[in-house]
Structures are given as structure tokens and as C-alpha cells.
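Here it is, the structure, as C-alpha cells.
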Amino acid sequence: MSFLDTHGAILTIIVPLFAAFLMPLLGKLSQKAPRFLAAGALALSSALAIRLAIQVWDSGTIVYTLGSATGTIFRIQLIVDGMGIFMALIMAIVSLAVAIYSWSNIDRYTGQEKYYALLLLVTVGSYGMVLTGDMFNLFVFFEISSISLCGLVAFRSQRGESFEAAFKYMLYSTISGVMILFAIGIFYGQYGLLHMVGISNAMAVNGSTMLDKIALGLLATVFAMKAGSVPMHMTTPDAYGEAPAGITALFVAASQAGLYALFRTGFTIYSSGMNMTTLGWVLIVLGVLSMFIGVTMALVQSDIKRLMAYHAISQTGYMLLGVGVGMAVMADPVLMAQYGVDAMRGGIFHIINHAMYKGLLFLTAGAIIHRMGTSDLNEMHGLGRNMKWTAIMFILGALAIAGLPPTNGFSSKFIIYESVYQFNPILAVIAMLVSILTLASFVKVFYSAFLGPRPSKPVKEAPASMLLGMGIFSAVIVILSLFPGFIIEKIVDPAVSALVPGVELTPLSSGFFPSTIITGDGFWSVLVFIGAFVSIMIIASLIRSMGNKGFTKRKGMGQPYYFGNRVTASARVSGGNVYWGFLKAMERYYKPVKAEHTGDANDYVAWLLITMAVILAVVVFL
Amino acid sequence: MRPMSKIVQAMACLLYPSIIVFGAYLIVHGHLTPGGGFQGGAVAASAIALMIVAYGSKKYNKTRLSALESTGLVMFISLGLLGLGVAFFHNFLANTGGIFGELVEYGTNLGNLNTAGTIPLMNIAVGLEVVGALGLMMVILAKGPEKGGRV
Amino acid sequence: MIWQIPFLVTVVLLAIGLYMCLMKRNVIKIIMGISIMEAGVNLFLVALGYRDGGIAPIFTQASEGTMVMPTTQALTLTSIVIGLATTALMLAFAVMIHRRYGTLDVRKMRRLKG
């Protein structure tokens, strides 16, 4: 065992932590030093995380005991298994891309060393949450990530709104932190243990008690809150919208650490002592609510980042739905083999897909805001003419989030549709409907930001470092899109078997190349799709070549006309009005739903408490 | 915050060293008696609070407090990293006979300061960090938001 | 019966804290409510570690009698530190909100909605 084999897990967390602590000292020396330290530390820790991932996939779960060479469950341990390392990989990619992106994005702000220190601490918190094997450390890292994120939301201190958003998010995360600690107290009072596996084993002896179920209700609610699930999503769009663009991408990954904690609580701790069907249904209901309310609220937004934030909520619903279906049928090996495993694969694969394409979309939004100086869709037009690379990457992200083939978003949603349909057809239909609405909403963003007449003042392409950050996400999306079968087998399957030990994993890509997915009834191959796409394109160009050779474009023919007049910026339908017909027709739905997003912190707390009460009642009494 | 009267300032100056000494005592005795880095640091930071009340918040230099905080944190993590021969946070100084490395006597006794390995050193690191962080917090909050600036 | 009192107080403190977060309109009062909730949970943890007739868990005085659980006390300390950080940050937000909005009433700080 080499040094890195033994200590890789803790070094992944410690390297960014150490850099974060050095940051204020270094910030005194030079203005530019913090950005290089942050990028360097995150590159190192990402490399360590990838190395750790390869080690885990090769040789199984790694247990690292702090402070001693010998480990017992009474010591603080890091337990790195397939699921933890899956989340750590997401964090590795996102944090590095964000650190590079931030070079130009926050160039004009003071206090950069604080920004980078907090960025590193968010990374530490998320790595810690997914790598630890101990409930109390989970709480500590949860708080580290929440507090640092709140500090970052308030980073643009010239705006009062950013403090409002930070305060509301902080209110939610602090109440959640108190509830987690209460649940931990319940565990410790009963079993004298904080170690997840230890608690799970203790529960297996006598089954879960009433107190355990209360703890489960609390933990499920607060981790669903951290993931941004409806109806505890109220502060999420505020925080996503007000944070600097790079941080929003990081926010997505950090929220998914909450999702991880939710799955870890359900599968690893509780599944030994009680039937998980109830919690599975809780996740399904939360997931469906998040999907639907998230996407419908996104349609009415005119702020580009708020719109994307509501989509983040909506996409979280897919993950909750997929994994919830897996949890609901966990007790039944036949159903589990039939579709439960596939649903979980889809849900977990969607986590990495979502982190990548949503990160990319937020970064493109940040690039637009950086160049335009506004985030209002109604004031944007024609950016595609000058910001070509941003536009191309936006299209890639938008295709992926809408779940259009051949992107990675399609692969994971395809598996979710296929498996959830066998569980309950209505859920699958809702999931598809949400996907269509997602596409509609991104068509709106693309139309209002990139199409139309040139902007009145000249706009340049985004700076190189921002393009590089977006490029990292785009490259990962392309890889995930081209080899979905391979990725599921290598990365997602270890995560599934870490959550449900001993489950039978029939390979999805039994075909001849690694880009095929075969579920029970469905077949999806990227290569076949691309082949068909290319051949249709060739046919189309053949038909085009049969046209009149002497045709030349005259002046003005390429200009857009509308009712015989040249389209000007003022005559154009602005972003907020694109779907006015649809919104008018849905008015009876929108009126009460929009009215609930009051912006009042008291109401938000009330929603959190109501959800907590309902989940507690369901989990304890059913 | 504005400075207060001469009487308050004189009394604050008298109390200041004893509060700092008591804080330092709590920090270095953290492994023997109730106390430790955070508690001692909080006590020592209350001396800073006293000075802010008496002399106003202009007296304190934010840069130095921030540097103190970072130094404490870096020292803490470094102590953890030095144990990496066995595991992170391994107590490599315990029972070595060197600094803080004496064996602990069994049975009821007053306790020997020179025991417990890296734990007292970590307490000192945390103490520095807490003095810096709490002091910084109080200085900034006492100054109030500067015009157009951050808290 | 006497053992139950700390747990009852915990519940009361949590209820007061949640009530304040739910009903009070002043940001400072909401922050106070959160601090009260944190105090309640800290009391819960310390009460869990109590052993009948236990002495303070100090190694060099370990000769006779039982000790109370030191783990929960360590957890409480960590939680106090985290509580300090959250309270300080939220107060800083309150100061800045007052500066930018001119009010501390949560009903008037509703620029982000919908």
C-alpha cells in the first residue's frame, strides 16, 4: 500500500481545507495569488478524488480511520464506497471548472481571497458529506457547506437582494442543522453510536423503534430541503439567482450532497431495520411535486438564473423519482430485478448528468450576465451573433436538460421512463410532460438571449477562462453522452450496489458497443442515432445540391421580416411574453401557486414545518 | 462605536491583561481541566470586546486579527498532517517523553501539564484561531457597515 | 421523573424557537429564535450523556465512581461553535439588510418572490 493508497480519502478533503486556511494570509501578499492557489488546490484534490475512485472501483470500499492505524466503530471513520465516490467525482469536476471560471467572472470584485476561501470550504463540505461514515461528521460538513454557501450568496454585496436571499437560505439551513443534530441525539441516546454502519447494525437487531422513525422523518425532510425539493424549495431560486454564476454551478453539486445524504440515510442506515416502502413513496411524491411545480414555475420566470434555478428543482425531482421507485420496491427481489434496479440506475445517473449540464447552463448564464450586465431575459437579444461559443455550449446544455437524444440527459431520462412506467404509468407520463415543458422553457431562453437583432451596444465573446470552465463541463457532457452504457456499468453500478448491497445487477449494455442501453423493453444506442442523423443530413444535402446552381443571395434576403416590416428590437416578442397563450390558459393553476411564493421568511418556515410534520406523520404511523 | 470615558478606559486597561492571562490558562490547561482552545479563546476575545467598548473599534487592526486566525488554522491542520505517518490526526507526540510527551499517571492526581502529546498544541492553535476570529467578528460588527461596503 | 425534566425543557425550547421563526416579523427576533432552538438541542445532547451520580469525565480524576458521557459534551461544544458561526453570519446579514432595505421586517423584505 502506497502513501496515497492509504491516505487518499482524507487528503481529498484536507488539501482544499488547507488551501482555504492559507487563503487570507496569501490574499495580503498579492491580488492574483488566491485564484492560482484555489485552482491548484482544487486540481490536486480532484486528481486525488479520481485516483481514489479508480482505487474504489478496483478494490472495493475503503475505510479510513482518523487518528489511529486500527479502526473500530467508536472512532471517526471515512467510508468511501461506490456511492460516495460517485458524488465525490461530481464535486471534483464541478469545483475545478468553477475555480477556473471564477478567474474572470469575479475579476472586478474586491475581497477575492474571501471568495476563493469560501469556494474551497464549500468543496470541503461537500467532499466531507459524501466521504464520511459518521453521522456527526455529516452534520458538521453539512453546516460547513451551508454556511460557506450563504456567505457566497451574499458575495455581491452591492445588491440588497443578495443579503435577503442569503438570510432566507441561512434560515432554512440552520433550522435543518438543528433538526439533524436532534436526530443524531436520538441515535446516540439509543445506541451510543454515531457510526452509520454501527447504527444500522444496531437497528437490525431489534428493528427500528418509534424514536428511530422520528429521526428518519426529520432527516428525510432536511436532506430533501438541502436538495431543493418542493415544497421546501422556496429559498433555492433566491439563493441560486443571487449567487455569482460560478457559485451557482457549485451550489447544484453541493445540493446534491444533500440528496446523497438522503439516500444514505434511507438505504444504508434504515433499510436494515424497517420496510422502506413508505419512505420510497415519500420520495416519489416529493419528486413528482418538484418536477411539476419546478418546471411550471420556471416557465413564468424572466430572470435567466431564476429560471434555471427552478429547472434545477425540477430535475432534482427525476432523481428523487428514480431512486424513490427503487426504494419502494427494495423489499421485493423480483420487482427489484424487473425495474427497481433500473430506476435507481436512472436516478443516480441523472445526478451526474444534471450536475454537468446544469453547471454548464449556469455558467453560460453567468457569461451572458458578465457581458450584458443584466439578467433580465426581456432586455437581451441577438447575443448569438457575437458569443458563438457560449451559444453552442448553451445549446448542448439545453438539449441535455430537455432530454433530447443523443445527449446524456436523454440516456438517464430514458431509463427512468422505462422503469417507472412499469412501476406506475402515470408517473412516467408526468415525467415526460415535464421534459417537454423543460424543452419549451429553454427554447424561450435561447430565443430571447441568442436570437433576434443585434444588441444595441457591442457585446464580446466571454473571456477565455470562462470559456475554459464551460468547456470542461461540455467535454464531460460529450463523454457521458457518447458512452452511457459504459458509464453506467463502471460508475453508476458500484453506486447502486453500495446503496443496496447484494443486489443483482444485470448489465444494461449487453450489446456490442459501450454506447448501447438495453432495458427490459427499450433499446437506445447513441451510435445508431448518430448514424441515422448523419445519413439524413447527407440525404438532405443531396436534395439541396439538386437545386438551382445559379442562385445567389441578394442583399436583405437574410434579414428577418414580420408583417412586411424589418424586425427591430422594439418590435420583437420579448422573452417574458413568449408563452403568454399557454400561461393565460393555465391561469387557474398559476394564480394559487405563484401566490404561495410570497417571499416572506415566516411563510417559508411554515412550509418547512408543514412538510416536516407530514413526512413525520407518514413515516411514523404508516 | 465611540470611545467611552477615562474611568472606563483605565479600568479596561487594568482588566485586559488578567482576562488575557485567564484565557491563556484555559487554553493550555485544556487537556487537564474543563476548558480548551475554543473556551479559552472566547475568554481572551472578551478582552478584545472590552477594549472595543472602552476605546472604540478603530483601535484594532483587522489585518493582524485575520492573520492570527489563519495562523491558528494552518497550525491546526499542520499538526494533523504531521500524524500522516500513521493516520491523519494521529497523536505522534504522545508518550514520547519530549514536549507534551510525558506518560499520564493513573489514579487520582492533579495532572501534569507536560502530557497528552499534540492535544495541547492543537488547543493552542484553536485558541489563536478563536481569538482572531471572534475579535475580527466583533471589530467588524462594532464598526457597523461602512458606507457602501460589506459588513 | 426528575430525569425527564431536561427533555421536557428541550421540547419547550425547540417549540419557543420554532414559534419565533414562524411568527416573529423582526429579523433579529428570528435569529434569537434560532439561537434558542440551538440551545434546546445542546441541552438535549448534554442530558443524554448524564449518568446517575456521574462525575466530570476527567482522566486524572478517574479513580472512583461513574463518569458522565464525554462524547455528547464534545458534540455539544462543536454544535456551540457552529451555532456561534451561524448567529454571527445571520446578524451580519441583518445589519446589511437594514442598511440596504431600511427595515428589519421580514414582510417588507420581499423583493425576491414568484
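Points to keep in mind about this one:
Labels A, B and C are assigned to the chains in the order they are written; within every chain, residues are numbered from 1.
Quick note on the criterion: contacts are C-beta pairs under 8 Å (C-beta built on N, C-alpha and C of every residue); 3 or more make two chains touch, one makes a residue touch a chain.
In this text the structure is predicted, and so the values were computed from the model without any measurement.
Number of steps on the shortest path from subunit B to subunit C, with steps defined by chain touch: 1. The greater number of contacting C-beta pairs, out of the two interfaces A-C and A-B, is seen for A-C. In whole angstrom, the spacing between the mean C-alpha positions of subunit B and subunit C is 23.
Centres computed as Cα averages put subunit A at a distance of 31 Å from subunit C. Work out the mean CA point of subunit A and of subunit B, and you get 39 Å between them.
Among the residues of subunit A, those in touch with two or more other chains are 157. Chain contacts: subunit B has residues 150 touching two or more partner chains. Subunit C has residues 96, 99 in contact with two or more other chains. Listed in rising order, the residues of subunit B touching subunit A in the complex are 63, 66-67, 69-71, 73-74, 77, 80-81, 83-84, 86-91, 148-150.
Interface of subunit A with subunit C (complex): residues 136, 140, 143, 147, 150-151, 154, 157, 159-161, 163-168, 170-171, 174-175, 177-178, 181-182, 184-185, 188-189, 192, 194, 237-238, 241-242, 300-301, 594, 597-602, 605-606, 609.
Residues 56, 58-64, 77, 80-81, 88, 91-92, 95-96, 99 of subunit C are the ones that touch subunit B when the two sit in their complex.
Every residue of subunit B that touches subunit C in the complex is listed here, in rising order: 32-34, 36, 38, 104-105, 107-111, 137, 140-141, 144-145, 150-151.
Considering their complex, residues 14, 17-18, 21-25, 27, 30, 34, 37-38, 40-41, 44-45, 48, 69, 71-72, 75, 78-79, 82, 85-86, 89-90, 93-94, 96-97, 99-101, 106-107, 109-114 of subunit C touch subunit A.
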